[in-house]
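The same subunit A turns up in both complexes below, where it pairs with subunit B and then with subunit C.
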Partner chain A sequence: MTGATELHTEEKREITLRVHRFNPQVDSKPYFDDYTIQVEKGITVLRSLNYIKEHVDASVSFRAFCQAGICGSCGMRINGISKLACTTQVWDELSKCKEPGVIKIEPLRNMPLIKDLIVDMDPLVDKMKHYSNWIVSSMPEPEMGQKEFLVSEEEFQKYEKATDCILCASCVSECTILRAHKEYVSPAVLLKSYRMNVDSRDAIHDTRLGELVKDHGVWDCTHCYRCQETCVKHIPIMEAIHGIREDAIEVRGAKDTSGAKHAEAFMEDIEKKGKLVEATLPIRTNGMAWTLQNLLPMAMKMIMKRRTPPPPLLVKPIKGIKKFREMFREMTEHVKAEQKSHKK
Partner chain B sequence: MKRYAYYLSCINESMTKEVDRSIDLWQKDLGIEMVKLHESTCCGGSNLDYVSPRHFALVNGRNIALAEKLGLDLIVSCNTCLMTIRTAKKKLDESPELRKEVNDLLKKEGLEYKGTSNVRHLLWVLADDVGFEAIRAKVKVPLKNYRIAPFYGCHILRPSTVLGKDDPLEPSSLDMLIEALGGTTLPYEHKNRCCGFHTLLVAEEESLNVAAEALQEAIDIKADFIVTPCPLCHTVLDGYQAKALKQANVHSSIPVFHLSEMVGLALGYTEKQLGIKRHIVS
Partner chain C sequence: MKPFDIVIVGGGGAGLYAAMEAMKTNPSLNIAVLSKVYPNRSHTSAAQGGANAALANKAKDDTVELHIFDTIKGSDYLADQDAVDILCSEAPKIIRELDNIGTPWSRLDDNTIAQRPFGGAGRPRCCYCADKTGHTILQTLYEQCLKKGVFFFNEYFVLNLSVNDSRMKGLVAMNIKTGKIEAFPARTVVFATGGYAKMYWNRSSNAAGNTGDGQAIAYRAGIPLKDMEFVQFHPTGLRKSGLLVTEGARGEGGYLVNMDGERFMSRYAPEKMELGPRDLVARSIETEILQGRGFDSPAGKYVHLDLTHLGADLIKSRLPQIREMSMYFEGVDPIEEPIPVRPTAHYSMGGIDTDNDGRTVMDGVYAAGECACVSVHGANRLGGNSLLDILVFGRIAGRTAAEEARKFEPAPITADEISQTEAMLRSYMRPSGHFERYGTLREELGQTLGMNVGIFREASKIRKGVQDLKDLQERFTHVRVFDTGDVYNTNLLQVLELKNMLDLAETVAEGALAREESRGSHTRTDFPQRDDGKWHKHTLATLEGGSVKLGEKPVTMGRYELQERTY
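== the complex of A and B ==
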């Protein structure tokens, strides 16, 4: 890879930004414009775009503001990955180009396109509103201004990382389920909901949680970890999503939704057999009627290929299940005892 | 002969039996031996960790401790089991309190989680321990007529803080294995995307949309088959293929092979021996 080494030792070179263009008032479909410019090492993608706008083509449209990775305005896809243009070095991108020296710049995905690199953030804002992602104070009105809210360090640690979110929507752009269904709550919204729901000053935890467990909510996440992997602030978004689920099962019970029932089945089966009883998983998640209607044709094909999971009675428990169960149940006692002491 | 402890994944014990069957066939050919852990339990399938984080640590601390007792690395051939057990390992390694609680319980079985065994995917063993050159030398029936779409799946790549073998944006180990077996690996945009498995029972329409996109691309690039290192991805891409493509209004189909079957084919085993005939899409 001598080429790559050379790139890194050069101080100045010619590069091309291949920029997504679309003006709905004139264009019938999107296209790309190539802008070839001289850049110095140390220049960011945003500064290159600014240079193009100032010196080459003033019609290129994008959002940007702080130029320091704080405001979250300049989220865009650079060489296919959603990130901030202001914190992305041109030099770092050169090794990732499909075509040597050509950096592809596209708008974020999963949001309606307004023009060139600008997407409509309103659907995201609407979802933030839908899930009431702000604190509604639990302090009675007359006490406000008279009393302080004390937040323990332990509590703050639960949402410290979540407060780093700058709403750049990179995670939204990369989300698998949002791509499959535009009504899905989306990772940034779940992160914010988690942050509000673990805050002891908030008064609408249960209402918010009630909304989160509905269709297109927290149970529809498919654990692909793309959001977390893309997050420009390295926030463990999946931990927040799992946090909401854990809370939902604890507060609303394991029989609340198909998502909760599905998750709880793992716990039941592990305790009983040490392994999953897959044959009844669809029934336990969604009931008999759903299973017959949705899975019967496929079950027939699977029977023909001898691919069906064995019925519960034929699922042999793991070797040493008795001792295992003892340990598992003792852990259950530990957890219960701790929950009790928490409630006190 | 290098020995490993082999984790029995629930799905490979029930729906995708062909995975372990094919590994049994060729392991000795490649100088490796998988010692099956019949005492191991379900990892919790990326669900137990939020249903009960401490049971999650206990169950998987125990799974790893079983391998440690034999002094062997724990090898997994399901992506989600891999990610799940590695997540538990990370939590146990980082928290002395959690480790103590788990070990106090494991004592009953004469087990102890020490953190000495690594948890790795079968693909990583082939890539790093056996090596592509050694594999190339063992090939009897090169896959030279096949154009193959490598579908890595999520949990062998992400979160990279837990997995860390392949670059999640540009994974390469499966591509290199395909080449070592004499096949042609195709540029496949969905290679590092999701199959939709984990929401199949909760948000079926969404899951099938996700699967259909991956299938459609493989059909469009004229792949002969998709190969995956994960039996869960296989279950969606093969088992649910007809349903997914019908929902997407695509009138075509594409076979999906397990990594272990693809290796078996190149080492000279027949489709029947490898269990390929058990697939829904032929």
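== the complex of A and C ==
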């Protein structure tokens, strides 16, 4: 038998971490520093950063705590994608580099930058508070501790995946709505809200839902699925968002808010014509006054650029509309039946 | 700043439960939680297994009494029996309370809270939520604290306890985001800062921040620490990071193999093989490595945990987490290759000496959780009892502080104290001359502890460890913080945490040297037997004249007489 050291000499490579730097006390704007180091197989991005901090440049700043993928501290963008540095292998990233051998490390987006790779988590906590991301128990406090609630496995399964969320804020960083509107509720808070609303022990379902359907709430999501694609815990976040919407329409009715009305108008068009009547969609969603006030300038611009949608009367039903309507009805009934059985 | 009635240091399970209970006990109190991380990042989240409580949902014949006996026996009879009584009697109530406020417990067929068997327990009494129990408990407690409007100072690092003539006046802390040093005058302070096992560094399963800050601050303020020599090692940590590979891997049939390709457990536990008790397996792996039958690598010596013979299907369906961990943290797919493992420091039984109500010897100062030593774990903690400990004693400490807060009159923390602290921090940022690097010192700290005060201990080695620690303390006076900025200076934080670990490491080493017996996690090769005549007592460590002074405290006995601990 040969010596142990010989048996396990590990392959090493030279790599460069291109790290986003910003110190608010001295820098007017962020820049990048390149750190080139030797890395053996099996090393994570976080361990590489630790190495740089301890041996090359002690001022590089980032958060890290458990280093085991459960505390959610080390969320950052690695080669453009938000993920945890502690669970990301350097060798896996090497195939994703734009410039060979250079891994780009940036802070999470959509949150205020504090320093280098550190962003402010307070806005996220504030949103958790705003949307009551907690259970208000249906049991009075003095009775607590005496008996447990009985919870079926089926109900537990409804929120089981959602409770995997470690609030790493990768989804917050990847969210396309948040890039345009900082006030938007955010995928993480929608997920947590959903988790609370399907829990039978909770007593404020309707109040929470009432807040979620307001401006910057659940209807603002555009279904880009970035949150779900990049979730480090593989949580089906979009299912939660759809879940809240379905719940909202059922509990509060289709005429409740512009979001619900928009969904309703969508359905109406698809059923009648097989496609959208875009010109009247804003009116049916938000009303005539709002549309004139908010969209008139854009409509003028669209006319100038010859990008106007066809007038409503010219929107003819698609070819084979009869067959399509049959399919549509079948699907609608199927979905309704499924929802019913789900509730049982 | 207006004085607080209660300042809780630490936002893990113990700290959050203390905050909740304090608010419930007296809603008019002015309460704050200071945490160096956002509370939901705390290490409570890493606890996978569960929390023990004799709910008797799974085994109808389980009782609180059986839980008490298992805990005392597990502690190798060093736990205080009245404290264990409280721990186990309160358990069913607190687990139900967590259910009542929304903890997503896994469920049994009859819709009650699920329970499963755990090491050292005579009945299946460990309540769980899949393999993320600690995470879900922490989330629930954080949510409830947000609901109740607990005042959080997130990302504040506590520097010292302000004490004048043995009267506690509050805390001095650094706002990490701004670097500003701030005074927190307080009538009472509750320490709930978690364990200190990270001093073994990459031979530890702990989070980077489990540096025993609360214990070190209390110790430097003159409060005694108890049973510090007891540190629990888990047999299978990953080689590079020390992160845990859970027992499930061996439960499903994994082999432990040395460099010669031998399943070496046949020499230590021929019948149970890889499924022997935790401490025995840990000692066996360590022996293989010490006798030169381990593998070597730049990241340290190790043995193999081989799952390859189990096949891809079984690994994927039954051990997906373990596979994910090996791939994430070692770059090894256990379907293809064996996992490199070695024992890893996992839990600190010792901590700030408290009574059963969470009080320390200093008026107005309380402690709870892994940071404290009541003691309910004695020389060895049972799986499933650590989450329970933080919940039960976190709540008790919060209640006691709330009841007693108004007994103590607040006193101002002077501007002098603040500027002295500022000067101390600035002194780490020396411009030039001879200096030491944080990373080097910390690496050597972990190494000397692992080698000399690790699983196997003997006088000559521990003395070497004690000497190494003295040298490291001396070298620490030359440590240099290179980052001279104020905003989020993690370089400075690391250095402050290192100092906390160094101070506590001395108490661990001195305690280990003094205790000339083997009990629970403390194995002396030169004193292999438990010695009840001489050592059935707690050790107390206090700081006197810059070095550790050891004292002792009797163990509170009860219904259970001393017996040999066999399984």
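The working rule: the second predicted complex is superposed on the first by the 264 of 344 C-alpha atoms of A that agree within 3 Å, B and C clash if a C-alpha of one lies under 4 Å from a C-alpha of the other, contacts with A are read in each partner's own complex, and residues count from 1 in each chain.
Here, a residue touches a chain if its C-beta (ideal position, glycine included) is under 8 Å from a C-beta of that chain, and two chains touch if they have at least 3 such contacts.
Note that the structure is a prediction, hence the values are computed from the model and not measured.
Engineer: Does the superposition put A:L276 against subunit B (first), subunit C (second), both, or neither?
Structural biologist: After superposition on chain A, A:L276 lies in contact with subunit B alone.
Engineer: Return first, second, both or neither, reflecting whether A:Y194 touches subunit B, subunit C, both chains, or no partner chain.
Structural biologist: In the superposed model, A:Y194 contacts neither subunit B nor subunit C.
Engineer: Which partner does A:G69 contact after superposing on A: first (subunit B), second (subunit C), both, neither?
Structural biologist: second
Engineer: Between subunit B and subunit C, which residues of subunit A are contacted by each of them?
Structural biologist: The overlap between the subunit B and subunit C interfaces on subunit A is empty, containing no residue.
Engineer: Could you list, by residue number, the parts of subunit A that touch subunit B in their complex?
Structural biologist: For this pair, the touching residues of subunit A are 81, 96, 176-177, 179-181, 184, 216, 219-226, 228-229, 236, 238, 242-243, 245-246, 249, 254, 258-259, 262-264, 266-267, 269-270, 274-276, 278-279, 281-282, 285-286, 294, 298, 301-302, 305-310, 315, 318-320, 323-324, 326-328, 330-332, 334-335.
Engineer: For the complex, which residues does subunit B have touching subunit A?
Structural biologist: Touching subunit A: residues 10-11, 13-16, 38-42, 44-55, 58-59, 62, 101, 105-106, 108-109, 154-155, 158-160, 168-170, 193-194, 196-199, 201-207, 209-210, 213, 239-240, 242-243, 277-280 of subunit B.
Engineer: Considering only the defined contacts, which subunit A positions touch subunit C in the complex?
Structural biologist: Where subunit A meets subunit C, its residues are 1, 3-5, 7-8, 10, 23-26, 40-44, 47, 53-55, 57-59, 61-73, 86-89, 91, 114-116, 118, 120-122, 125, 128-129, 132-137, 139, 141, 143-153, 156, 159-160, 163-164, 166-167, 196, 199, 201-202.
Engineer: For a test of understanding, state which residues of subunit C touch subunit A in their complex under the given definition.
Structural biologist: On the subunit C side, the touching residues are 24, 37-38, 40-43, 45-46, 55, 93-97, 99-102, 104-107, 109-113, 129-130, 132, 135-136, 139-140, 143-144, 146-147, 154, 177, 207-209, 240-241, 243, 259-260, 294-298, 325, 327-332, 437-439, 481-483, 485-491.
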